[in-house]
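Chain naming follows the written order as A, B, C and D, and within any one chain the residues start at number 1.
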């Protein structure tokens, strides 16, 4: 296992200490409890927004704590959802009297732990609403299964909803906006390589030199199918077509597009995929009105990428463009 | 070779097309000539600043074109310095009457090509000064050799010098500032893995599962020595000690610190290195007053990191903090 | 079962999950995210740290401590599921100083009930439920047949082990493995496996009773 | 050498550098950045594209076109170095319709002179200069000895090949290989090798002259 780490069991805490040291102007990190809180929390009268999930997806979520996005993030062990204690402490820390929104990615562990935390917080008299993201079109949605995973849309949703919360909008409106963004967005990902969970010490799966996995999530898990390596154009097509079809995107519509790296893929390749995506959507007369290209929701050192599209209207565009100031996303201030 | 690319020979041009599509608000890309120019260039009365080098180091340099940083960047083939034609065209495109600064990383190819370009531009009546960065302490400096390589300091220098140029400072002052930043900064890097030049199709070097290279540059070349894999703390120490000694950093001083990923290393590991660096410098009573943690000057998909320190004074801090708006660095606007 | 037996069951579970840390993680690599063994070991290591303070606790408090510690330290799907299971198990033996055979079966029923209440999985979805459901059935059958507590827990553990094995051909529809669709077939479920290990510890604690 | 010979030399060089693209890149992998073969092939491919327009050029213009195309398309260290070499070589044969033995040696001298003027390398620094310096010496010696143009260019090429081989034990102090310090020892310099290939083409063009 080749990693810039000390002991596997110290990975999360030391990375948190590094975040604290690098971004002490923006965040306060409780390294013991594993909670990253916005510096000036709680903001009185503002809905508090928290999210959380396993570590290994950096910059998500800790990198999105700050003005115009999250009020707190709860990182769990690598690829393991955090525990209710963290979420409860974070909820209390960011409650400015206007209630707290939990943004939960749809994985059994995340959902169950956030569910317990929300129950505990409500028992403490805090108004909590939860929104579960489930944008991964690689997974068939069904009432009888765990349903679709929450992936890339989570990042874009946290930005948009965070901007709305800064306006002082009430919890019901903030959570409605979160559901809207989730409904408006879809994602799909692929892997060129596996990744190594530090405590496991070996790759989660083996992949031949000429193979790739299509339809992966963000936990180093194998995808829906293993296929022969293909060109960036073909891969972009494999990821984008199911998204466009599921969203029923029509000529003339505008989207916010994210080409996201899984952690081990260099930016030069992500721009090649963005070029392919741009050409493909251009051919369908779909406009990329806003975009993000980079590593935003990762799977440790996995090589690969995911594509996320969110159908834009004026309202979403306005909150997307609003100022944000976090370790990983910053504009307008 | 597992990469998100189409044909190896199209890598640079397609990545440029992707950059153009993603950042058309900030930059204009001449894909044929391979030049990335700031949208509103030339800015009348402002010193134009251009840089360039091989591709494969993204976001450097193209990602640093915009307000408060570069006016143009010339990307060459992967790991190959650009040609004088590109640099000359870029120089002409950004000359707003106040002359043009060439920021050149100290590699024979970069130096020779920029030298030819500067001669051609001067022959055309454009005032050109060149500053060569050479901050890599892994390489012994000497009058009789190619000298030290230009690496991480280049990024920080482009930001600081770009901010000064926005104030309308004359060319002599802008180039003096570039020399000052170069004198104030040092870097060193290491690799956990090699990388694959797309046109070569195989790793530049082979490295055992328990080995690493110390003292690498940014072109996938082997380093000064090959040693057994070590912990993040030990690695940080191996990179930082030579820098601190070469700079003769003393207790009580302040630095701008960059922990830079080589392209394939995830952010969680870079924060662990930053934590180690922070603890190490804290022990020497050296303050990290400003910092950057992320992928800024990369070597394709190489796993590894580099550390750069720049001794800060009020002047450098002021220009570091000044607003910048480029694809890869943005704050204050 | 005495209060000491309960403590030995918990100690055995902590040891066995540590021994099977890699095995459970490998199972989770195939159809999950390679952390189930790490998660369970983290939780039971935290419980091990509490052994000194647990020394003076009664049966329900001991079991409740296991549950709340799992909830606070495991995370993932397994944390809330097993945490709720132990909490409900503790509730089922409230006030008891010693457990009869019927108490142990009632505890098992509550344990499974907690997992179903949290996770909403049916038998056949390739989860812990597929080990615990046949285990509870076997235990209830054995109790009705007048078997000893040793026999009851042994049959429950054996049924759990068979149930875990029987998850191999199943298509997962709950948990992370469900994302794999058809590719989840052919692999044993890690959670069902850890459930069978927990029950085997219970049986070993009851040997000779 | 006639104007047609010069064209055949250039064509041969383009072919040979393409054939040795991987070999030169492999040499550059060991002590550089794995691009020398790719760079040279990119440059001479651009020259190949100009063959139709070069058909009507005279000797100096043809050689000058090679130089300026290399400068415009190769980049890296090799682009300006070889570009300047060819430009100076063209200057050395200005006005000539055909090259005598002495002209060819003068051209070689200017070629090397261009590389030294640009790169400031001394012999023994593990660069192109270590192939071209012995080549020039051998050519001058052969010219003084009254050898044929075939012999002159053959001896120059042989000396260049030996010079390239002799870079193996050298410690690099110029170019990218110098960053490796002691580790540069034991590897053949890619630029010296491409220089020897260019001179072998020259010799092959002069076979029978």
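Please note the rule applied: a contact is a pair of C-beta atoms (placed from the backbone, for glycine too) under 8 Å apart; a residue touches a chain by one contact, two chains touch by 3 or more.
Just so we're clear, the structure is a prediction, and the values are computed from it rather than from any experiment.
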Fewest touching-chain hops separating chain C from chain D: 3
Listing by label each chain that touches chain A and chain D gives B
Computed over C-alpha atoms, the centroid farthest from that of chain A is that of chain D
Which whole number of Å gives the spacing of the CA centres of chain A and chain C? 32
Whole-Å distance, chain B centre to chain C centre, using C-alpha means? 55
Quick one: report the Å distance separating chain A from chain B, using the average Cα coordinate of each chain. 29
For chain B, what residues touch not just one other chain but two or more? none
Can you list the chain D residues in contact with two or more other chains? none
How would one label the connectivity among the chains shown: line, ring, star, complete, or other? line
Throw together a list of every chain pair that touches. A-B, A-C, B-D
Please give the residue numbers of chain C that touch chain A in the complex, ascending. 25, 29-35, 38-39, 42, 71-81, 118-119, 173-176, 178-181, 183
Any idea which chain B residues touch chain A in the complex? 2-6, 11, 14-19, 21-22, 55-56, 58-59, 63, 192-193, 209, 212, 229, 231-233, 235, 263-276, 278, 288, 291, 293, 295, 298, 300-301, 303-305, 330-333
Within the complex, which stretch of chain A touches chain C? 54, 76-85, 107-109, 112-113, 115-116, 138-140, 142, 144-146, 149, 197, 199-200, 204-205, 217, 219-222, 224-225
